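Below you'll find the structure I mean.
By written order: A, B and C. Residues from 1 in each chain.
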Amino acid sequence: MFYRTAGQFKTSYTADQALFPVRQDAVLLIVILAFAWIIFPLTASEFTFQTLLIPILIYSLAALGLNILTGYAGQLSLGTGAFMGVGAYACYKMVTLMPWMNPIVAILLSGVFSAGIGVVFGIPSLRIKGFYLAIATLAAQFFLVWLFEKWAWLYNYNASGAIQVPNLEMFGVYVSGPQAASFTQYYVVLAIVSLLTWICINLTRGRPGRTWKATRDMDIAAELIGIDLMRSKLTAFAVSSYIVGVAGALFVFMWRGAAEPNLFDIPLSFRILFIAIIGGLGSVLGNYLGAILIVGLPVVLGIVPEALGLEIKSATVEHLNVMIVGGLIIFFLIIEPHGLAQLWRLIREKLIIWPFPH
Amino acid sequence: MLSEIFVEPFVDMVSAPDFLMQVLWEGLVSGILYALIALGFVLIYRSSRIFNFAQGIMVVFAALTLVGLHEAGVPAWVSVALTLGVMFVLAFVVERVVLRPLVGQPDIILFMATIGITLFLIGFGEIIFGGENKVMITEQLGIPTDSVVFEPFGGLLILEQKDIAAAAIAALLVIGLLLFLNKTRMGRAIRALGDDPQAAMSVGISLQTIWVLVWFIAGIIALVTGIAWGARAGVSFALEVIAYKALPVLMLGGLESISGAIVGGLMIGMLEKLFEIYWGQPLLGGNTETWFAFMLALVVLLFRPQGLFGERIIERV
Amino acid sequence: MNVHVQEDLSQHTSRADDGIAKGADLLKVENISLSFGGVKAITDISFDIKKGEIRAIIGPNGAGKTSMLNVINGFYFPQQGTITFRGEERRRARASETARDGIARTFQNIALFKGMSTLDNIMTGRITLQKRNLLWHALWKGPAEREEIEHREAVERIIDFLEIEHIRKTPVGRLPYGLQKRVELGRALAAEPALLLLDEPMAGMNLEEKADMSRFILDVNQQYGTTIALIEHDMGVVMDLSDRVVVLDYGKKIGDGTPDEVRNNPDVIDAYLGVPH
């Protein structure tokens, strides 16, 4: 009844290719945006900002970047963590070498360094495919993390080997460092994530998206209809690594406040991969859904036992979390390999027909 | 600078040949262990085209179970038998709960399912066994713990007996596996299933039985690896990360070749040790063993995308 | 309600305007030999395809027909021989470049992109004609959107032509075999090729589907003016549709001429009856 599409017909291709051809989708989006831009920031507590709102957005962005490469272009990458690191360290060097630079510009520029390195490590994809490529991305992962530790210039020769985010101002307001308010940081993250998401939606619904999907589905046929596989794969690596790099800069500058090299190690890569898989490979929405689940789960697991009056050690909660995520991955792969995004699509189709059975 | 890279390391090698032999031996022993993990991968891949990411955690899990049982008072060899039982149950459960519902799905889905299994076993293992480092029950199993000392070239070469034992057991395992796959009926069935599941099933080979069997054998290999490695380095979840090293071994040796896994493992083990000692530590600050194997495999694959032992893939339209 | 407007579609064959007159050589293969390892797939074959004609390539299984098509397509590189397309001799080129030159094809085992809808699959056929780069697409509004709409219109004309409007948003993996073949034809047509290669377009179809497909092939040739090279086993179809025929057997050419000439050629008859020669 609510999602009735009868009566909504398109009279031009432009209308048909609009982002939300169904009116109810547009309404739903406006509601979500209202919550994101107005309601949440005004009502959320410090805890909610730090444990839920900000990390969900940042992880969604990182998963979106990975999804472009793995979900759309079909190139499996296990090196996401390291590329986030490249973005973070690039941003750090820029703000410490050029303190006059606008922090947001620095964050957006740091993706360029990630993109460059991403293209270099993407070159093997022209010869190597499938699992072998995944293992090749591990070469990038392990090498870069080693580099983060050994190349002291990256962390300004700091004795601890870690980078600390300095207090950075923009138009008189602190956006990063110990002085920055979560409120401000949330808006910066929301703005950047929204911008990059919009760009990804545009890319995936047009020629670049089709080129990537063709490369993923049958690269021989793609080549034979005129797609330059090298350009297709390398642009996927470039765009993906750019987004992941920006996510890495946000990760450190807008959330954690500090970073050591092992922050960007394999567990981070896998966490992003799980978000992309559970959310749905080849989707934009899925990354948000996956991030909400993966970030929210440990929080829920932490709260529920208390609420029920049970005593569980926090370490056990952590292990349970790992177990449940593993179980969830298997569960989703059996029930719905296309992830939460596909589940939403199915629910939506049912809503459109409701209350009729078919 | 150039001489530092291209000349001095070799001079160092030659000037202290006993040390060189020690380095090579250490590399060889690591290589054997990488090869054993790779062996588990190859077995499962050949019979089901599944890239079993969980092989590493199976090693840890087997070792933890063994040690855990013994700590609970069970005698050493009984613990071994019980652990084998546990690995069998694990194989059975994995086949039932994970593999059977996913039959026919693309390889990437199955690969990700094994990542899910890995996570589950890590969490589960931590809850049951706890996360502290444990000691492998080496002596209780009758593995000698002394060292053997040689004096080549007037220098010093120390070989741990447990490493020699590990090498011997690994060699026996490989020979046994090769004989099993090539000479027995079960072994032929396994190979048939890997080549063409439909055809194999049409002649009466049961998919489920073979898969349980294969995962169980992988579990046995995991236990042997766990014992050998635990004896050297203690038993902890850190072992799981070391298992990543088996991946470049597979890249070099190909996913389907047992001999490839062995040769690849030994090569990687020795080369990464050599690189670390003679180039990594003096020139690069050390700790290069985290990435050297991967870079090496990557370079080899750029020139031979099918690995050193794999078959050339011809694409047909 | 389907109203077919007979447009003059020949104005859309922008790439057929290459200065080559109808009836002149569009493609010429000379002394082509191709082997894989020790197996010789094609031995010293020469023939031509004239602009505007429908050329059938026939022969028993394993004769080398698909390999010949793959050579024309640029997927395989012959060890010997030359290929001249539109008057220019082909240098060793990547497979994607022959597509840009104006050769499109369909495949024996359908090679559609299973993760995309019918509309998207056919839109991928327009790839060589789309010019706006990544940055414009990142913005969407403006030149990129205009280009997308322009190509969408061209693709919709093809969808109309092939009568597949009702499945345009369906993922191709869900379509029955016959419709998938039609979508694949649509994708090849979308590229506005000068030369269209069809590899067993009627394979696995029933009588009705074959009649439809024959009609489409004839329409493409007559309305769009596209030159077609066609591998087909159904002799009735071959004799009815084609202007000229090439016959292959064991990688060699054993017949070349009009359908009637070829039908009466004793070598061809022997090859099909399995008489050793």
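Everything below uses one rule, namely that a residue touches a chain if its C-beta (ideal position, glycine included) is under 8 Å from a C-beta of that chain, and two chains touch if they have at least 3 such contacts.
Note that the structure is a prediction, hence the values are computed from the model and not measured.
Asker: Could you tell me which chain's Cα centre is nearest to the average position of every protein Cα atom shown?
Answerer: Chain nearest the overall C-alpha centroid, as shown: A.
Asker: Which chain's mean C-alpha position is the greatest distance from chain B's?
Answerer: Ranked by distance of C-alpha centres from chain B, the top chain is C.
Asker: Quick one: report the Å distance separating chain A from chain C, using the average Cα coordinate of each chain.
Answerer: Computed value for the inter-centroid distance: 42 Å.
Asker: How many angstrom lie between the CA centroids of chain A and chain B, rounded to a whole number?
Answerer: The answer is 33 Å.
Asker: Hey, how far is the Cα centre of chain B from the one of chain C, in Å?
Answerer: So the centroids are 50 Å from each other.
Asker: Tell me, which residues of chain C touch at least two other chains?
Answerer: If we look for residues of chain C contacting two or more partner chains, we find 75, 107, 111.
Asker: By residue number and range, which residues of chain B touch two or more other chains?
Answerer: Residues 317 of chain B touch two or more partner chains.
Asker: Residues of chain A touching 2+ other chains?
Answerer: 220-221, 224
Asker: Could you pull out which chain C residues touch chain A in their complex?
Answerer: It is residues 73-75, 94-96, 99-100, 104-105, 107, 111-116, 120, 123-125, 127-128, 130, 132, 134, 137-140, 144-145, 148-149, 152-153, 156, 187-188, 191 of chain C that touch chain A.
Asker: Residue numbers of chain B touching chain A in their complex, please.
Answerer: It comes out as residues 51, 97-98, 101-102, 105, 107-109, 111-113, 115-124, 126-127, 131, 241, 244, 247-248, 250-251, 255, 284-285, 287-288, 290-291, 294-295, 297-298, 301-302, 305, 307, 315, 317.
Asker: Enumerate the contact residues on chain A facing chain C in the complex.
Answerer: My answer: residues 13-14, 17, 199, 202-203, 205-208, 210-211, 213-214, 216-218, 220-229, 235, 239, 282.
Asker: Inside the complex, what are the residues of chain A that reach chain B?
Answerer: Touching chain B from chain A are residues 76, 124, 127-132, 135-136, 138-139, 142-143, 145-146, 149-150, 220-221, 224, 266, 270, 273-274, 277, 315-316, 319-330, 333-334, 337.
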